[in-house]
Every structure is written in C-alpha cells, then in structure tokens.
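Each structure below is given as structure tokens.
Here come two complexes built around chain A, the first alongside chain B, the second alongside chain C.
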Partner chain A sequence: MAVIKKKICLLGSFGVGKTSLIRRFVLNSFEESYLTTIGVNISRKRVSDSNETEYDFLIWDIEGHEKFSQAIQNYYAGSAGAILTADLTRPDSLTHLSSILTRFKTINPEASLVFCATKSDLVDVSAGVQKTYTDWAKDNKLPYFITSAKENNNVEESFIALAGLL
Partner chain B sequence: MQADNTQAFQLLKEILLTEDRDKIQVLEAELETLKLSLRDKEALIATLEPAIADLLSKKISDSKSEMANALAPVMGAAIKRQISEAKETIIDALYPVIGSTIRKAVAEAMKNLAKTVNEKIDQAMSFRLFRKKVQAKISGLSAAEILLNESLPFQLHDIFYIHKETGILLAHFQPDTQSIQANEELLSGMLTAIRAFSKSAFETETERDLNVIEYDDLHIYLEDGRYAYLAVVISGIAPPEFYKHIHLLENRCHQEFTTELRGFSGDVTPFSKAPGIMSEALGFTTDASVPTTNPHFGRYVVYLLFLALISFAVYFLWPNESTPPAVTDTSTESVRFNEHKFRTYIKKFYPQLTAQLNSVQIVLHDNLIFLEGSVPSESDALSIAKAAAQVSGNTVIVDHLDYHSAIQNYVRKISVYFKKNSAVIDSAYSDLLKQLAGHLTKADFSLLTVYGFSDFTGAPDANMKISKKRAENVRRFLVANGVQADKIVTTGFGSYGTETDISSMDGLASKRCVTFEVK
Partner chain C sequence: MITKSTGYLFELRDTGLALFDENGTLLFSNNIFRRYCRQPSSLLNECFPETVGLEEIIRKIARGHQKTFYIENINRPGKKKDAVYLNLSLHHFASSAAQVVCFVWEVTSEAILKQRFVQKENEISLLKTRLAAKSSEGSALIGHSKKVETLRTTVVQIAQIPNINILLRGESGTGKNLIAREIHTLSSNARKPFIEINCAAIPEHLLESELFGYEKGAFTNAAASKKGLLEEAHEGTLFLDEIAELPLALQAKLLHIIESRRFRRLGSNREQQVEFRLITASNKNLQQLVSEKKFREDLLFRLNVVQIELPPLRSLEEDILLLAEHFMHLFNLRFNKKAEGFTKDARQALLEYSWPGNVRELSNLIERAMIFNNAKYIKKDDLVFQSGTTSDAKTWSVPDGGIKLEEVEQKLLLSALSKTNGNKARAAQLLGLTRDTLRYRLEKYKL
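The block that comes next holds the complex of A and B.
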C-alpha cells in the first residue's frame, strides 16, 4: 500500500511545549532548556493508524506568538490535520488557542484535529487541574490527551489518534 | 686628666666617622632624588625607557608561553580599539599584505580561467571553432560568451517538484545519482515555508513570488505553477535557454498531472513518472557544460538549411488562395504575435470562443508566448492556446489562467425569464442553458445555486411555490445536459427582489426569472 504524505501543523501559544512534543515523537528525546521557535521548523515521521494505513507526516512546528502574521496563516495552508496544544500550568494558553483554532479552521475547514494538554508532569492531575482543558476539548468536540513530553506520556498516542482521523 | 681623655675621644670620633657621615648624607640625598623620580611618572618613564625594550625582549626569549598567556586577554581588545581609533593607519599598514594576497588570488583565478579558455580554443581549432561561430550566430551569443560559459561550467544538481500548498515533495530528479541529498522532504517543506514567508513579508499589490535563492555557488531557481512548483538547483552560469526549458517543463508537468494535482491528498505514486519527464526534457543539460557539444550539430545545420530552402520555395511558389490559416510571421530572432490574425482565426475556427477573447491576454516575454487571464474552463484555454500557436507558429504557454472567476462572471450574467404563471423553460433559452451546462461540465466549481423569482402579483405562497419550481426546472435541464446533480442546489425567493440585470426588460416580466451563482 502506498504511503500517504500529510502536512500536519502543531498549534498553540508560545512556550506550551510544541517543539518538545515533536522532539519526543520524532526523536524520542527531551530537553529541559527552552528555545523559542522562530518562524517554522519542519520534522518528518512515519505513522500507522489502526487500519494500518501508513502516513508520512510532515510536521510543521509553527511559532506561537500572540500576534498573528500573514506568514503564519500562509504556513497553515494545505494542512490535513493539526495538533492543538495548551499548557496545563498556563490557563491563558487555552484562551490564545481558541483564537488560533478559529483562524486555522478558516483556512483548513476540513482538517482533522486533536487537542493535547501539555506538561502533565508539572501539575497534580489527580487534583482535577485539567478540567478546564477537558471542558474546552468537549466544547470544541475534539479528541484530547493529557500529555507530558518529559515523561513520554500520551505523545505518540496523540499523533496516532490524529492519523486515525485523516 | 679625664677632660683630656674626652677631648681625645671626640677627636678620634671625628677622624673615624666624618667620612662615613658625609657618605650617608650623599646617599640620603640620592635616595630622596630617587623617591622623587619614582613619584614623577615622566621621570620614571625617562629612567626605564632605555631598558624596557631589552627587558621585554629578554622576557619573551626566556618564556614565550608565559608572555603569551599574560598578553592574550588584552590583545583582542587592544587591536579592536586600535582599529576603531586609527582605521586608516591600520588599513595603510595591512594593505600591502592583504592587497597583494587578494591580487594573488584573483590573478590565480584569472590564470586558471585563461588557461581553460585557451585549452577550449586549442581544442576547438579548425572545424570545432567554426562550429562555435555558427552556434554563436544561431544562439545570439558571442563565441566568447559561449567559450566563457563552457569555462565556468554549468551543472544541474537537482529538480524538486513540490506541491505548492502543502510543501510535500511530489518528485525528485537528480542527473547525478551519486549526489547525496540529506533530507529532500524537509528541504521541500522549508522551501515552501520560505516562499510563504517572503510572500507575506514583501506583500505588494501585484502578485509576486520568490524566484531565486542563492547559497554559495548554488542557485535554487523556483519555477511557479498553478498547483506545484519546480525548485531547480544549479551551479555555474546557466545558458538563457535553460530557463525557457524549465518554464516549459513546469508547463508540461502541469498538463501531465493536472488531475492528480487538483485532487492531491498525499499520494505521490502518480508522480513517479515525473523524473522521467524531467530527464527527457532536460537531458541535454546533464553534462558538465551547457550548451553541450551536440554530436549531431553539423547534421542539424544541414537540416535547417534544407528546411529554409523548402520554406523559401513554399513562400514564393505556393498559390495564395491555398495558404493554410496558420500565420507564421515570427522571425528567428524574436517572437512576434499578430493580434488581428489571431482574432480572425478564432472567429473562423472557434466562433464559440469569441466572447472569451476579452478576458484573456497574449503576453510576449523572453521570446515566449503566454496566455493569461480568465476563461471558464481548461478546454477553452487549450483551444485558445492552440489557435495562438497556429497563428504564431510558436509554442504557447498557458500560464496563470483563472478558471474560477471566469465561470463566476459568466454565470452571473445569465438570466432565464418565464411567462406569467409558468415555470416552463422557453425554447429560446435552450441554447443558452445548454452552453451553460457545457461550461459547467468542464469547469472546476463546488456548488451552483439556482435562484428562482416571481413577480409581485398574486398570493405570496403561490409566488414562492412558482419561484421554487422555476429554479427546479432549470436545475433539471442542466442535469439532463450533463451537470453533476449533487453540485446544484435551488432556492425560491418568491417576489423578493432580484439580483440579476433586468434593465433590458420592462415591468413584471423582468421579475419572473431564474439567476445563478457559482462557488
């Protein structure tokens, strides 16, 4: 069966851990130091969904600054799917994500989406911190995952879930 | 007696100590002078100056590394400061060294170039030199330019065929299969991102795109297409015709893969034949230098002379009334286009396309003919391009044609009018609706909305009902004539307004109509 190539965007506010999520998924590594992504960085990884369709993901890690530029919107074009990310330690990142989602949907109305709440290693998940995040995912009818790139929790699962939606 | 002894002792002391006391006084005076000279910097410098050079010289000679360690931290800052404070002096000091180095490097490069050119001339004596001159005449370049191009070798490294929107690599061609390309997929993605960025960064009223990226001696030449673009990596000086070939290659790929590109969903299998097309189209460039030495060149010259003789005979001896409609008024030096003959040709052979001529332009650029503008469908574009090619005798490149806005404009102008209390389509509109159906079957659109209207007499419910029926009847007619049923929706507006141009009809009749909108 032919490998299907798909452009996937990683979306979210700055510093929520998009690059760490990709590093964990593509390279299976994690770094504590924070380097902001300027513009866009592209990675590649093969993924199989539950039907064993093989996808070649071209993952566009797009800078997450508050101010939208035309360039960022141009980067969205042609995406088959996106992983939306918000930081469990920063509820404001969820607000920003809503506006990112709106703009992304305008450009790619048919794209498949998965939501990842990141940095679960920094919060007490059992205390219900994530409720706002799960509510947001439900409101937007998105499959969601509580993830940690550091502890390698639910990272690969998120991408495989996205592959299943394509 | 005691007094005498004391006096004698004093005298003895005088005799023994006077000399030492004088010496001490002199020493004290000298010490005082030395102290003063230490406090006085200028005096100290004057004192040490004669010895300092010897001291440093001795120290450097005794322990070089210690001196280096001691001076290293300040050397950088000192040089920087000196350059900033006395730039001209530094330049004057360094120029004899750096200037001669640069001169030497340039001289070496020129020597190599001269050597290569001389070798080419030596090799090309007799028939080959003659051939170069003929080649120069034909190509429009001087023989020197041709030799220079050969001396600064042009090389094609890679051609990437990249989906414009997603940045996904569709195909990759490498003439030299030994070359290594680190990650072609990421390269394609990043090139697309750079294009997207530069497009937004330098946004202007006119559509512009990034055309060339230079990296050291590599040039990445970008040839834009409607759905995909070519990124061509070259080094050296490309001959002018190379860019024409790239343009034609993009056009060929577009024509070959239009269907696959339109519905592209990530499967690149259909594009596996693209490298073969590239290889075939640019086969002549895979050697180290371009223009390459064509082993059949002499034969081609004979063919050309033969063809010229035949053309001469045909032109002068063929009877005028039998002259074919193709007008070849182009010269070998530059492409010309006769607009009047083109329009006449269209009217004669493609009368149905006459109306489309107002929305297309023929553009001459770099000795190439481009067809631009908007037409409702690709097949119309190809017919117009075919006519232009016949008239000009040259290849016509279909470029940046906007099919969608053309079909939108076309559809917006159409209205179908109905008799009172009737939803039956008048036979007078059959041809118009068949023509519309013909365009829609060829056009790339997602949805056609048919709006039905009535006049304002009668009950609102009845008006609504008949307006819906009128729209539905038109829909049926279009479907019967080949338009995809699931791409048409109908809406009845009753007597509520009309969006169509009704100036040509008076009164109530102008309200009883159907109009269209396409998306």
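The block that comes next holds the complex of A and C.
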C-alpha cells in the first residue's frame, strides 16, 4: 500500500511545548530545557490510522509567532491538518490560540484539527481551570487531549487521532 | 535558459539554484543546491520536504499564475549539532515549458541573532508567568475542600460570561483581589487591562479625577489632560475594592456609568463609551449600609448581579495546610531556602488557629517563619501567631489558682471588638455568636 505524505502543523503560542510534543512523538525523548524555535523545523514520522492507511507525516514545528505575516501564511500553506496546542499552566496561551486558529482556517479551511492541552504534569488535572480548555475544544468542535510530553501522556494518541481525521 | 555557468555564478554568491518542471521534477541544479538538499533526489519534495503540500502552488508558479512563494528560516541540523537556517524561494521561470526556478541560501547568522533575542524575550515572559502562578496569585483557589471546589467552578463559569457585574464578599484577607484577577485572567479579555482601585486608599477629593480623568484646565492643577481609570479599563476589567467606601456622590455617577456605559472626563462636555467587566468587593454588609443610607440601594442592585462569597480561612480545614505549603514553596523561591514541610506540631497549630487575618495572615506567618530559618522542616516554635497563641480551646487549661469565667468572657468580647474596630457583626463572627447574642452579652456586662 502506498504511503501518503501529509503536511501537519503544530500551532500555538511560544513556550507551550510544541517542540517537546514532536520530540516525544518522533524520537520518544524529552528535554527539560527550553529553546525557542525560530522559523520552521520539520520532522518525519510514519503513522497508521485505524483503517491501516499509512501516512508519512511531515510535522512542521512552527515558531510561536504573534503576528500573522506573509511568512507565517506561507508556513501554513498546504497543511492537511494541525495540532493546536495550549499550555495548561498559562491560560493566556488559550486566548492566543483562538486567533491562531482563525488565521490557520483562512489558509486551510478544510484541514483536520486536534486540540492538545499541554504540560498536564505541571497541574492538578482535577482542577476546575481545565474546564476552560474543555469548553474551548467543545466550542470549536475539536477532539481534545490532555497531554504531557514529559510523562508521555496522550502524545501518540493525539497524532493518531489526527491521522484518523485526514 | 539556465546553464552550468549560470549555476556557477550563483555559487559565487553562495546561493543554491535549481530548475524544476511543474510536477517538481529536477531539471537542473548547482552544487550548493545539492549540498542543502535533505537527501539526493530528482524530486523537489524529497530534496526539500518543506514543499510537501505545495504541489498546487508549484504548478501555479510554473504556469505563471502565481509569481513567487518563499519559506523563511528552514531549520536543518548542521555539523557539531548547530542548526543551519535556510531561506527558500520559488519563482516562475519564463520559458516555453512550465518551469519553476528555486533559490536556496543560508541565513544562519541572522537567524541565530534572532533566536538569541527571542529566547531571552520568551524566557522573561515564561518566568513572569511562572512567578505569578507561584506567588499569592491563585492562592485563593488552592484546595480540595468543597468550599474551594465550588468557588473554583463559580470563578471559571463566571469568567466566560462577558461584562457581567460581580460582587465579591468576604472577610478581610480572604483574597478578593486574587479572585478578581483570576476571573480576569480566565476571561477572553485576559490580554486587556486589569485596573484595580482601592476606594478606601484614594482620598475622596482625588477619587473622582482618578476615576474619570480630566481635561486640561478642568481645575487649578490640571496642566494637561489625563485619562481616568475608567478609560484605562476599556475592554478589560475594572476592580473596585472596598466599594463601601465610595462616597455617595460618586456612587450616583458610578450607577450612571454602569447603566449607560458612558462617562465624561472632568471639564469635558464629550461623552465617551466604555466597555468593561466590573468587579466590586467589600467586607462590609452593604445591605446594612443601604438601610443606614450610606450606600445606594439602586447601585447595590446593579453591582450584585452575581455575588461570590469567599470563605474565611478557618473554615477550609485541611486546605490550610495546602495553602501553607504553597506559601512555603513560594518563599523557598524568593529567599532561596530549601524548606520541605512542617513538623507534626506545626501542622496541628496551623489547623487549630482561628486565622482572623485569613490567607494574608497565613502568608505573612510563613514568610516570617522562613526569613531567619534554614531548617528542613518548619517547627511550631517558628510560627509566631498574631494573637500570640493558637486560640484553640484544646490548648487552654485553667490556671492552678482558678479563673473567673465571666472575666474571661468579658475580655474575649472586648478583644473581638478591638480586633474588628468595633464592628459588632464581625466581632460576633469571630466569636462564633449571632449578633443578637453578642448584643445581649455586651448589655449583660455593660460593655
């Protein structure tokens, strides 16, 4: 069976853990130190969905830009899907994500989307504040995962869920 | 026509050059282009996987329907683990066939400079957020007791409702300002201003100009126009703490603003529109102030759309220990200490104390205990309670010479009144009595 190449973007504010999610998914590793991504860094990994369709994911780790410049529009171009990320310890990252989502949809209206709340290892998952994230996912009709790259929680599941939507 | 010599000329400018057909099949490339390829291939999307998904755009460029497309700062692993940054641009190549010319050049120095700058900027932002999270902000929402769970749910729900008026009620030190800030932080206006005014802290004659702002020449010292805090709060949150202290004249003006969402700067005829979430707070019984004609009933009605009651610390049981640990971690960071917890005695003392000053008192207590203490565990002796003792009856005993119960009762009544500046309702609360019982006992002892 032919492998289908798909461009996938990781979207979200700076420091929410996009690079860590990718590193965990692709290399099964985690680094505590924070290194800001400049521009775009592409990783590859093969993913199968529940129908055993095999995808060659080209995962775009895009810098957490606030401005919607032409360069950012070009990064988004041609994406089949995206994983939207917001940091559970920083509610402001969810506010930014709403505008990022709107922009992404203007470039890729048909793209499949999954929402990941990141860094669950740093918060009390039973706390009510997570309702904000759940509600945001519901409002935007997105599959929702509470993830931790550090503890390898729901990372692969998020990517596989996205593959299932493509 | 692109030839080998054209490719060589671009090599002299450290630029990779390649020509592709409309399907992204390689027709020509120079050495530098091949050096930057992710893998040797005759396909553009193999050489540069960054072009996967761009097939339609490449076709458009080849046919001249789109002039150009570029990707900035493509990260590539370089030698010695350092990243190499590349820019790639695609252009229509005017020839008889549909073709695309591709340029690639290195921008590592510029990208590294940018990386260093943005790294520092982002680190500062992240540290600020972390410090805020570890500071007293949010401490009003720490805990697992039913009261805190309910408060947390209420705060989250209310934060989602835009521009609703909220009245926070609770004893002094229960964290009303923290709850106000939390509501703002969780709202969709979190990035807009949060303006906090303590109505008791600003002299009455300055409060109006602070709130409404003024035009140049509005009064003797108005040398220049100034925005008021109402304007500053536009689209964000205006938090009026100790609202009971707002003078009656300003209460009328505030009511007008709440109803019309319009106001005038002092000395101006022009009305301005403002939108904000209004949060007010008071530790006084506003309904009683209304009956005493010290607070406008219509204003109270407007402010009290949603009322949140903040529980006193003494009612939070085991959450007191969670909060104490929260402050211990905070002061560990602030004072560079390594305290790990509290001894059993200290924990018991924290649970038994009556906490008249609530969370603020707890924070001060832990701060005091940690300033001069480097021990791993905070002991009971390190905790200097405001009242000098844990006020739990279990730790009291009758002196050997005996004691007159009525004298003790009188002293307790006087102490409670003194602690609350004569506020009988609060004094009754501190003693666990109803106001009527307190009044009866004061009359009984002619106090």
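What we mean here is this: the second predicted complex is superposed on the first by the 166 of 166 C-alpha atoms of A that agree within 3 Å, B and C clash if a C-alpha of one lies under 4 Å from a C-alpha of the other, contacts with A are read in each partner's own complex, and residues count from 1 in each chain.
One rule holds in what follows: contacts are C-beta pairs under 8 Å (C-beta built on N, C-alpha and C of every residue); 3 or more make two chains touch, one makes a residue touch a chain.
As the structure is a prediction and not an experimental result, all values here were calculated from the model.
Q: Do chain B and chain C fit side by side on chain A after the overlay, or clash?
A: After superposition on chain A, chain B vs chain C: clash.
Q: Check the residue A:44 against both partner chains and state whether it touches chain B (first), chain C (second), both, or neither.
A: After superposition on chain A, A:44 lies in contact with both partners, chain B and chain C.
Q: Kindly classify A:79 by the partners it touches after superposition: chain B alone (first), chain C alone (second), both, or neither?
A: In the superposition, A:79 touches chain B and chain C alike.
Q: After superposition on the shared chain, which partner residues are touched by A:4: those of chain B (first), chain C (second), both, or neither?
A: Only chain B is touched by A:4; chain C is not.
Q: Between chain B (first) and chain C (second), which does A:91 come into contact with in this model arrangement: first, second, both, or neither?
A: Second partner only, chain C.
Q: Per the overlay, which chain contacts more chain A residues, chain B or chain C?
A: Comparing chain B with chain C, the partner touching more chain A residues is C.
Q: Could you tell me if A:71 is touching chain B, chain C, both of them or neither one (first, second, both, neither)?
A: Both chain B and chain C are touched by A:71.
Q: Once chain A of both complexes is superposed, is A:104 in touch with chain B (first), chain C (second), both, or neither?
A: A:104 contacts neither chain B nor chain C.
Q: Scan A:58 for contacts with chain B and chain C and give back first, second, both or neither.
A: After superposing on A, A:58 lies in contact with both chain B and chain C.
Q: Looking at 62-70, 152-160 or 332-340, which bit of chain C clashes with chain B?
A: The stretch that clashes with chain B is 62-70.
Q: Once the complexes are superposed, what residues of chain A are shared between the chain B interface and the chain C interface?
A: After superposing on chain A, chain A residues 5-7, 39-40, 42, 44, 58, 71, 74-75, 77-80 contact both chain B and chain C.
Q: Quick check: in the complex, which residue numbers of chain A touch chain B?
A: Those residues of chain A that touch chain B are 2, 4-7, 39-40, 42-44, 55-56, 58, 60, 69-71, 73-75, 77-80.
Q: Note which residues of chain C are touching chain A in the complex, please.
A: These residues of chain C touch chain A: 45, 49-50, 52-57, 69-75, 83, 85, 111, 114-115, 118-119, 122-123, 125-126, 129-130, 133, 141, 149, 152-153, 155-157, 159-160, 185-186, 188, 190-191.
Q: Along chain A, where are the residues that touch chain C in the complex?
A: 5-7, 14-15, 34-42, 44, 58, 63-64, 71, 74-75, 77-80, 89-92, 95, 98, 127-129, 131-132, 135
Q: Which of the residues in chain B come into contact with chain A in the complex?
A: Against chain A, the touching part of chain B is residues 163-169, 183, 185-186, 189-190, 193, 196-197, 199-201, 203, 265-269.
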